[in-house]
Amino acid sequence: MPDTHLATHAQPSGDALRQALSTRFQKIRARTAELAAPLSPEDLMVQSVADGAPAKWHLAHTTWLFETTVLVPCNPGYRPFDPAFLTLFAARDDRFGSHQLPSPTLRLLSRPNAAEVMRYRDHVNAAVLHLLNQAEEAELPEIADRVIVGITHERRHQERLLTHIKHAFWSNPLRPAYDQPPQAVPAPPQPERWIEHEGGMVEIGRTEAGAGFDHEGPRHRVHLGPFRLAALPVSCGAFRDFIEDGGYAKRSLWLADGWEAVQTEGWQAPLYWEWRDGAWQIFTLYGMRALDPAEPVCHVSWFEADAFARWAGKRLPEEAEWEAVASRCDSMGNLLGTGHRHPRPSTCHGDGPWQLFGDVWEWTRSPFTPYPGYRLPDGVDEAVHGRFMINRMVLRGGSCVTPFDHANPTTRHYLRPESRLSFTGLRLAEDA
Amino acid sequence: MPDTHLATHAQPSGDALRQALSTRFQKIRARTAELAAPLSPEDLMVQSVADGAPAKWHLAHTTWLFETTVLVPCNPGYRPFDPAFLTLFAARDDRFGSHQLPSPTLRLLSRPNAAEVMRYRDHVNAAVLHLLNQAEEAELPEIADRVIVGITHERRHQERLLTHIKHAFWSNPLRPAYDQPPQAVPAPPQPERWIEHEGGMVEIGRTEAGAGFDHEGPRHRVHLGPFRLAALPVSCGAFRDFIEDGGYAKRSLWLADGWEAVQTEGWQAPLYWEWRDGAWQIFTLYGMRALDPAEPVCHVSWFEADAFARWAGKRLPEEAEWEAVASRCDSMGNLLGTGHRHPRPSTCHGDGPWQLFGDVWEWTRSPFTPYPGYRLPDGVDEAVHGRFMINRMVLRGGSCVTPFDHANPTTRHYLRPESRLSFTGLRLAEDA
Amino acid sequence: MPDTHLATHAQPSGDALRQALSTRFQKIRARTAELAAPLSPEDLMVQSVADGAPAKWHLAHTTWLFETTVLVPCNPGYRPFDPAFLTLFAARDDRFGSHQLPSPTLRLLSRPNAAEVMRYRDHVNAAVLHLLNQAEEAELPEIADRVIVGITHERRHQERLLTHIKHAFWSNPLRPAYDQPPQAVPAPPQPERWIEHEGGMVEIGRTEAGAGFDHEGPRHRVHLGPFRLAALPVSCGAFRDFIEDGGYAKRSLWLADGWEAVQTEGWQAPLYWEWRDGAWQIFTLYGMRALDPAEPVCHVSWFEADAFARWAGKRLPEEAEWEAVASRCDSMGNLLGTGHRHPRPSTCHGDGPWQLFGDVWEWTRSPFTPYPGYRLPDGVDEAVHGRFMINRMVLRGGSCVTPFDHANPTTRHYLRPESRLSFTGLRLAEDA
Amino acid sequence: MPDTHLATHAQPSGDALRQALSTRFQKIRARTAELAAPLSPEDLMVQSVADGAPAKWHLAHTTWLFETTVLVPCNPGYRPFDPAFLTLFAARDDRFGSHQLPSPTLRLLSRPNAAEVMRYRDHVNAAVLHLLNQAEEAELPEIADRVIVGITHERRHQERLLTHIKHAFWSNPLRPAYDQPPQAVPAPPQPERWIEHEGGMVEIGRTEAGAGFDHEGPRHRVHLGPFRLAALPVSCGAFRDFIEDGGYAKRSLWLADGWEAVQTEGWQAPLYWEWRDGAWQIFTLYGMRALDPAEPVCHVSWFEADAFARWAGKRLPEEAEWEAVASRCDSMGNLLGTGHRHPRPSTCHGDGPWQLFGDVWEWTRSPFTPYPGYRLPDGVDEAVHGRFMINRMVLRGGSCVTPFDHANPTTRHYLRPESRLSFTGLRLAEDA
């Protein structure tokens, strides 16, 4: 459950709040540093996709948010680490004014170097902890709100950092590995199983008092027909069958825009799949290795997910269907904290559902639109999610690089239907 | 009500069916020719938008569909007018194989010339009427189905022909008029009025036996909260207020993609608005003239509609809300048959709603997605609408250039959110 | 010899000048109308290359120049045919201000229609003839200068009109013919023959008093080594040998930019060559027909000409070499006036050189740069040629669609090295 | 004088040759390492222009050439440092096969890191020195030829390394400096002075036995008219006058393609000039500083040089004119070895010419074409310069980042006319 809960609603005593916040703040900051640890100063520079960012920028930008939105407004005596950084590492949209750098510039920032950015992190870490310790009781709620926004923000950048570094390493012909692979665990074959749901009126969305972002509410009722949801996400083996059956060449399986993407981009398999010496290999954060048919398929666009479902005679779930099932069970898979940097085959026995949370984000057939009664908050700054409510599809569940606190039954992630960069997979559904 | 009804469900006797079809066929063919009558051979050549088409192509392509899908398969002795036309005027997507011409080629077809295309129409008209007259009783239902597809298809091209020729004439610095304007009728000021709806469970979508396309069904239940729908579409005067209040410069009113479109395209007003000598002029199919604040605003993108609604403190309606209101009343405005080539100010008294059908297509906040239980039909050919169920928004109601039969409470039109070429406006809604 | 000579230097008596000018004016105007005669109103609309123009525009624009630069300034009482035309048909560069239309707009001008443009031509023709007849003796030289600029200008547009309509018809899948082909004349095989030149100091460029444009002077001395020039231009048969020897696939034959063009554009043969049923066909103004190996190769870029010469173990001539040979002989081929609309095989016997003038423009290895002592004239208007003295290569000799008066030993034509739209071929040279 | 001379013609004894080569090899390798010394591992990664390269790539690629063309073919027992490097750092054109990486990939190579690339250099350095020491006498000339090609190659990359790192640092908003500026020396005002040349027949180009590349010969005679060449390159002060006189806004000063570049690129001053607080600043390898009006103007395109010359009522020199003057005198300025990283104001007294060699490359009005009698060498590999003989203009003299040995009276450098990245300036000429 996300820690937005913590400040807004639990109202602990001042000291307990100070301590809880300090702990969470230090944890998130340490986790980010840990994620960057395997990277050399040069690795931290690489930006291989136009709208991505180098890891160094993620390290600095998350720090910048604490400096700009916590330290500068709440601590009048605070001296910025380097005034130039206030614009150098600003957000890339213009929420915070017009000083932000264009994306292509980020990869040019050899100065400040890695060591200086780590000093910047240390400087801000110390100042935030000092502030939490020294602030007047009356100021604490306001500070807490701001710190929690920063924590949430950094959590999202953790996922992006790994997403971007994966692509960066894949773009290097040497194909370096980010990390050592863990011991492989034999996974038993998994029979096809379905979770039944009777449909009817269900309630979805976050409660006022609950965790999550404004775009995940208001809670409201939706009428569903009876349906079935697959117990497991679609596996690489199943997707390989789709490929071998000519799925990428059958126009009738694709929506018009999807077919155009197939033609234009030359898609013949998910991102990071490579055909070598008569077999599929995939690139992972552990380097290149043979495809494991048992593991969930990953890095497919919505178009590919939709075409696969049609080929399989099924469909993608509605987001309300997914949430209706997910809110009834605790179906945990591999999230960031488990230390796995790639989706894993299921080792589960029994009915499921399994791996609803973690391993791969699951595309739904729901466009990202406002829930009934939702209004875009005042101020572009606060409306950071609501402003993308067009041309994007909802994903649910979180992936193996998603921080634990971000994976909830009500969490709504959203991406353009052609996007394949994130750890995106799918789970089938059908009418009962 | 669309004439799909006619063949599939009414099952009249053979002769009555022959006669009814012949009448409808001749009517639609005559109407298209009538729409092209004001155009010179050179006018018929112009193609001013990349994915549009010259009027001559619309004339020939609608004919080609009858030739290819009615005459060739149903009349073994039929001799094509010119075998080259079978590929020259084929559909531009690849439903019918790969012979179609790329869009930019259409405007290069000086040969065949206008006179030859009109002879092509006459030839096919005679052959279809002959077939309807001579066909065996047993073949008639199959032929009827095919003819009705062709009629429906031509109806859609009538709207496109006027939409494209409007842009073509606007692109000519001489700004020629397509037609003489009708007598203006004084329109009284219209107070703001709202139609109340109590919400709850409503049923939407076409019935199995009813009119319409497959993507407009299946009929299903939707749960709505109580809401209000404006009695009239938004007027040019209201939209001018939005402009004068700096609407196009206030980033907080726009979704992120909309704001990007504003910047990239340099939007400062709806398409066809021009600021001349201190006042707004608009280009219509009657040529340039002063803006009439009382008439419905037209040629706005979904992004502009959405931003306007936010500025007004309202929102766009859900398509289910729109249909729930429209199915209770008969709110007719100006459709193609009324002979008006531009949306008209309302002259109505009383509560409304007014002009739900006709004048302007009304953007909803609903993405174009499949209704519950909908499956893409087999074959790309039949799935012509369903294949666009991504990245498009639903419009309802029809415009002043929409044929009468195409405007139903259940009709779902769809366009990309940045599109402004069609006669697109909006009607506000709000939660009750 | 161009008629610039006429006015500037011959100084005939007033009446003789009136009469000579009237004759020349009527001739050029009639010739243009004659070239447009085979074209329908729709043909006159087609613009198939972005920086080309529809034939209707050529008809109107050449008229516009006489109206704007002769009638308006020299005849105070002149009433323009239509004031809108003064901007509608203005030159497309901004020499004459900023009212010109962007190129893509030209193809949208269905109005004025063809008939009205012909009336425009008649109106201006009558007014110019009237002016020539009525003008005061003292004003005559100034008027003559202006009329001659207009005649020269129209001559250039005659070549462009045919160049553009050829591409327009080729872009139509029906491949219509512009004209009926003349009787074919059997051409004997032509042995390889070379014209020897001893080199040394030669004089090139127009004389002060002579015909031509400013960029073709000043006359100056150039030192040449001894060389040989081929008696005939390269034939289609020889170029086919180059293709069959893999010329388009051998990187070592191409300059770097040429190789990039081959890759990017997918060149595998000259423009208008098509491989059908095991043999080369070419598109001509007479429609598609089999390749004639004996006729000069045409529609090759400079890159292709250069690669061919390297393959043949020869080189392209310097423009000074070409002129040194051409000024010694009278080697006429087919120019516009001969009525042939495609280069013809040589039927000549003896030493040659043959076809130096006409049939195909011949690429030289000389970049288009100023001659020693040349200065760009004041005013962009007058510097129309000099302003292109970068990134273009010189061509010599004229083609089958070049008006007679434009083909002189000193004439310098120039095109970008990747250009293939014009009737461009080559003639080989080598060091002696 | 370039050291190509050394091996090919001087024919020293074996031991002297071994020693001379070893010395030159070590010098060039040490100089490159010295140029990279101020750069951090991150700086070595930056690639700010699409067709540029990161400094790390320059370090590795120059090493790769010695490994590939000297060690692998001449030392059968040689073991490559890392077999992957044989393709990773290959030349970017396809002279050496198709394994080279596309330019955008170069900036993604975080691995191998800087330290490993320096070890690669050391490994190859030791192996080459060992080979020079141990090779049989008979093999020595072949080895010498290959080593000298590598030295010449590395010299060119030294200039590029500094050119690219300058742009990289300028692209960083922090505007870091590459080096500490030297002590400024007061420069006296320099009157306008001209060098007279009587013209006539001159000889230009390298002699068979002389230094230089094949494209700089054959030596041949050219006829020149009498002319004057400016004693000094154009200064920043003079160029500022051009700007203040509206030079960038006067269309008549520009060739057509130049004017288009001004519009498209938004040029208003040379590259690296910035208007700040009412004065011009320029970015140098020493960081931002005030413009010094006395120093030569730098980083102008050929279009700007040409427009400036026209504005000044002069012209650019022919390359033969420049060489005719340069071959008569020894006019040395600042080249790479002097340690100045920016052009310097002249401190000279007397007639001049001054600074013909060094400080700034000087644009001529000569397109880069083959000299009479030149033939492209067999094999794309050897034709490395000749293959660019189209669409490029000749520059003469070398700049402050050009290695000494590369600056000769006969040296022909060449760039596209729109290029501004190199240290390019100009010197005026006029007809006498």
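Note that the chains take the letters A, B, C and D in the order they are written out, and that residue 1 is the start of every chain.
As a working rule, a residue touches a chain if its C-beta (ideal position, glycine included) is under 8 Å from a C-beta of that chain, and two chains touch if they have at least 3 such contacts.
Since this is a predicted model, take the numbers as computed values, not measurements.
A.B. asks: Would you mind checking which chain's C-alpha centre is most distant from the centre of chain B?
C.D. replies: Computed centres place D farthest from chain B.
A.B. asks: Distance between chain B and chain D based on Cα centroids, please, to the nearest Å.
C.D. replies: 62
A.B. asks: Rounded to the nearest whole Å, what is the centre-to-centre distance of chain A and chain B, using the mean of the C-alpha atoms as each centre?
C.D. replies: Inter-chain centre distance comes to 40 Å.
A.B. asks: Roughly how far is chain A from chain D, going centre to centre by Cα mean, in whole Å?
C.D. replies: 48
A.B. asks: Averaging over Cα atoms per chain, report the distance between chain A and chain C in Å.
C.D. replies: Using C-alpha averages as centres, the distance is 62 Å.
A.B. asks: Hey, what residues on chain B touch two or more of the other chains?
C.D. replies: none
A.B. asks: All pairs of touching chains?
C.D. replies: All chain pairs meeting the touch criterion are A-B, A-D, B-C, C-D.
A.B. asks: Report the residues of chain D in contact with chain A in the complex, numbered from low to high.
C.D. replies: 40-46, 48, 84, 87-88, 101, 105, 107-114, 168, 171-174, 176
A.B. asks: What residues on chain A touch chain B, complex-wise?
C.D. replies: Counting only chain A, the residues touching chain B are 93-94, 201, 220-223, 225, 251-252, 254-258, 302-303, 306, 310, 315, 318, 365-367, 369-370, 372-373, 375-376, 378-380, 383, 387-391, 393, 417, 431.
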